[in-house]
């Protein structure tokens, strides 16, 4: 009797597990799908027009001061802001998606330092952390609207779900500046971000595909499924790999956990003997991936990381074949600058596309700073800001 | 209305009931008597759906029934009052009484109706005023027993089983219960009345069934039998020869333990002296403070007033550990809950106390070896000392618990119902151990509800009532003497 | 009790909490891995697999002490994270600070366990709540202390415990330090469970009343279990920090992995049943399952479902086999 | 607050409300001293919105905890429910009702699975719901790579953003759910039986309660509440969000709210009124810390301390009651 019951449980459980596998597997055995790609179907986040635009921008030259990439703009499209002109000093409010990773920490500190440089114009800077929760951020924005802010900066937690809240903020008439992730509305005065995920993914994948031996095996290491920024990176990389007929032997999620990363790489090395290239959708676990090769006594293949110092140092010390596309943290400076310009009634570009530099073998030395902590992001544009370097340590 | 035919039941291979027949007619009070472990409670649980019989049949109201649970039995019209309380302390009186069949109006529980019916029910039972909307946890023991009875009656039972219903009741409450039983009988309800107290049985019942060792000995008309005859049926042996001999006056040594003016929440003004070499029996009704006395002496619920002396020196027994260090040991009445560790081996169980007190690493193997010998000496029957104790019979479990304490060489040994629910063979073995302990110079306190055992084993009997020591009886006192003291009747 | 009595006779006698089920599961997984990836069983790769599984095995052993005594410890994952981050910041790349920090990690982990135990036993807060609160406090405090981003660096000396190995060992090839650490501690754990304390701990989990009435200091015993869990988490933090370096992800979710491993190993939640070896084998099984999924290219997104299904299956089968409760 | 007085009709107001009043008073004072105002309309609305989402989940969690069980799968049920609702509606008002009903039906199904695993297959609730949660996570991860579907505009309009004075419709929904759950607990057989099962399963069985059925029902209701929270979040977010439940840590937060509200983790004692108080307390702390711009990590520490302290206080009280 009980045994029958147990087997029923087994059946239910297994059928449940099975029904979650109807998505075509992305992996070595993944059969070519409708799009004919070796890495499976394209993500629904993929937008061809955006992709083309971003790739075009990678080669474009930015306008603006050369030594201040955070003030530069790619393909500027200026918009009038005189209706927002207001006498200072201003109260600027910031609804932040989260502070839960080093990238956001470095960025936020950079932003705070930027605020300090404008102490004459900014009387109060209000920051609310949504702790990575959509519904808290919606509530936070609503909450900030009741506080008499002169301008609202939003770094949305999720593009689609924060759109209504941002629209509501626009309706109150205060200038709204969105950065990092976007929203699905044009109502903010400007949307600031670097070139974007397609560019990031493309640069890394191109490098890996070119440097590795032809027809070799690539392991793609991703952080989480379902995060839009990361999805666009992967969809661009997919296109590159499929075009180059690279054998992507696995797409694995690491949860940003270095231990899990090392285990995955270790097992893939065992399974395939060698891995000829590593592509990553974010640099957080790049060092762990490299260590896995070292610990297994294998040569480290071409790899992409990000501008975190631990990776850059390892790159230099071990002489890796590597590249670091960036999603620069200096973009956290720009919203403050933009907000103040808007409140001065000066025109700003919408969208405000920031350049997205890539760290290569050639310019690697420029970004290595031995005094900074290992998880610091080199592309912070913060060396000239007040409190450097102590604030970022 | 109820007919059992050749009902049998075994637990873990131990035959608890064997071919029992029983009939109850409407409007009849049918008493079931028997010694502890005779199978009364198991039989009642089979009738009320708590257990399924292994063999035989239960016919109720003309149909052969196999109740798949208490719910079905209750729905069919069988109410039961268990020996243990089945009340939820956090729920109100009314909620407890109507648990499982709350009155409903338009889909919702009709609180007002429930309160009203509960009040009416309690009133019809002749119970005193009771806060029906207060949590049961705030009531006293006697009141809880009344609630328990009300709970059994609430579902318009056609057959009501009462398992030791008067155990916790005071005199006037017993009278009320009598009246209630008679009233129910006159309404045509059949009653199965399980009791130790033969006087009650004679007062109330029309017929009496005697169980012994899981078999039905006889069923007699109450009017045609006598107490003596019943006792003979129940015991089926010569009482005097069954117990190990008492201590001779010369064997009784000096006073080991003295309590003066001991009291706590459940005890008042307890004065007690225990001598080396002597078995002191403790009698009294359930809830009279017998167990509280043992638990106070062992530091489970210590005395808050008064003084305890050991060897003439005051000791503070604030915890079981402190008691053990003073040389006091205790065998709880709740063997399953407080005695054994069900999933550990016989050896682990036996070594538990020794390990708790600690010992050197070097002494470990010697201790284990000694324990193996001891387990053999008290005649524990198991498939080996590594067998999990839950697979042993109750008697063997109890012997393991005894071995646990014997290994420590206690000077004062407290037993609370040491042979309850234990088969005859093991009972006699345990009696031997108790007596041997005394002969070896320990002071023994033994609580028992089993009057023959109490009278047969004790060198002296202390009877408790309402948290006080009601009196002391010498060896050779009669059952009537004990009962008289226990219920406070004038002798 | 009721139906169990009859069932007991029908079912084959498997000692509850026995190691047989977990050994069967482990064996099946090993065979599957061997088919899929024959090279896995070569000494070198097997050794490194065992080495990298060391932290979770230790956490499972620590969790076992708490669970078998009838409690829960949800704080171990965040304790590991906290210790890795604290160690990195204190060492800050200085080799000289390695040993003091190792000592500090272990002592402070024991202290966290002590606090868990004292709150649970003295203040009578259910351990689920105590350790849930502790989880929040530890992670919050360490994030707060390090401004949301780990600082400093672990020294190579610190990292070697979890990363390096004795090279060129005959037969085995390469023997990770972590493996030796886990073997020694596992042996200690097994010896401990056979000692007076261990047997008493199980008794406390099975029947705290009976234990107390036999003179066992129940509160103290349980508190020691929490301390042992804390120490295990501390050692796991050293090995894990060594294996993978400093990150805020170091310990996240490990408490659930550890509890899962313990349950897979045939240890009953609620206490009193199961063996520490079973718990550790449960952890090994879980790690082997992940490796198998890596080897067979199971899509990363489906893995939680596979894991969930196997847990439910294993527990449902053992629940159906166990006769009573 | 007539609802609350109804829920608490026969029992003293749980201590959590005292803590709530104290917290708000202290917070108000501190914020005022720093020259701010704790409660303007906007903060009030925000607070109640946050409370509504967590509250709906916590009300359901209260039911299973009262029955001596536990549900760690609620976070995934919430996410799944937002997706089912939003994808069924697909931006049209005509599919509003089917969308809501389907989301609730799917949630109830998961509750049924939980309940059966626990009650019939006797798997420990912790492990059973953890396992079911992992199954759902696998399903969500492999089928969704981001927000999907679109909620009916009129649902967004009404449940997501409509409010009456400072009180959002969603909070009224929470109150309705809480009153309904309170009614179910105090005024239905199911509720009486649930409290009995949680208090002492054996006593309940001997009293004729069908324990398994009661527990399964409680789990279905718990998942329904989580599903309802999902529908609300779909309305709030405008689409289905596969990570919203886990981001909100609804599993552990709901358990925290329940125990802060005075419900015993072991079951049998407590109620919905306390849970609503617990949710409001957590939301108030959020609001106050938001005002003071205190680091969210410090807030986490405070939350941890509050959870432990609250339960320690309740434990102390029970011990004292037991003695007197």
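Which chain is which? They are A, B, C and D, in the order written, and residues in each are numbered from 1.
As a convention for this text, a contact is a pair of C-beta atoms (placed from the backbone, for glycine too) under 8 Å apart; a residue touches a chain by one contact, two chains touch by 3 or more.
All values derive from a computational prediction rather than experimental measurement.
The set of chains in contact with subunit B as well as subunit D comprises C.
Look at the CA centroids: the one farthest from the centroid of subunit D belongs to B. Computed from the mean C-alpha positions, the centre of subunit C lies at a distance of 31 Å from the centre of subunit D. In terms of their C-alpha centroids, the spacing between subunit A and subunit B amounts to 72 Å.
Mean C-alpha position of subunit B lies 44 Å from that of subunit C.
Along subunit A, residues 5-6, 9, 13, 16-17, 20-21, 23, 99, 225, 253 each make contact with two or more other chains.
Taken residue by residue, subunit D touches two or more other chains at 117, 121, 131, 135, 138-139, 141-142, 295, whereas all remaining positions touch fewer. Residues of subunit C in contact with at least two other chains: 148, 299-302, 305-306, 308-309, 312, 316, 319-320. Pairs of chains meeting the touch criterion are A-C, A-D, B-C, B-D, C-D. Subunit C meets subunit D in the complex at residues 72, 119, 123-126, 128-130, 132-137, 139-141, 143-144, 148, 256, 259-260, 263, 268-270, 299-309, 311-312, 315-316, 319-320, 325.
Against subunit C, in their complex, subunit B makes its touches with residues 10-12, 50-52, 54, 298, 300, 320-321, 324, 330, 332, 334, 337-344, 348, 351-353, 355-359, 364, 388, 390, 404. Residue ranges on subunit A touching subunit C, taken from their complex, read 2-3, 5-6, 9-10, 13-14, 16-17, 20-21, 23, 25-29, 99-102, 104-106, 109, 222, 225, 249-253, 255-259, 261-264, 266-268, 270-271, 284-285, 287-288, 291, 295-296, 310, 373-375, 393. Within the complex formed with subunit D, the residues of subunit B that make contact are 50, 69-71, 74-75, 82, 86-91, 95, 98-102, 104, 107-109, 111, 133, 137, 151, 155. Within the complex, the subunit C residues that touch subunit A are 7, 37, 39-40, 45, 48, 52, 55, 147-153, 163, 240, 243-250, 252-253, 290-291, 294-295, 297, 299-302, 305-306, 308-309, 312-313, 316-317, 319-321.
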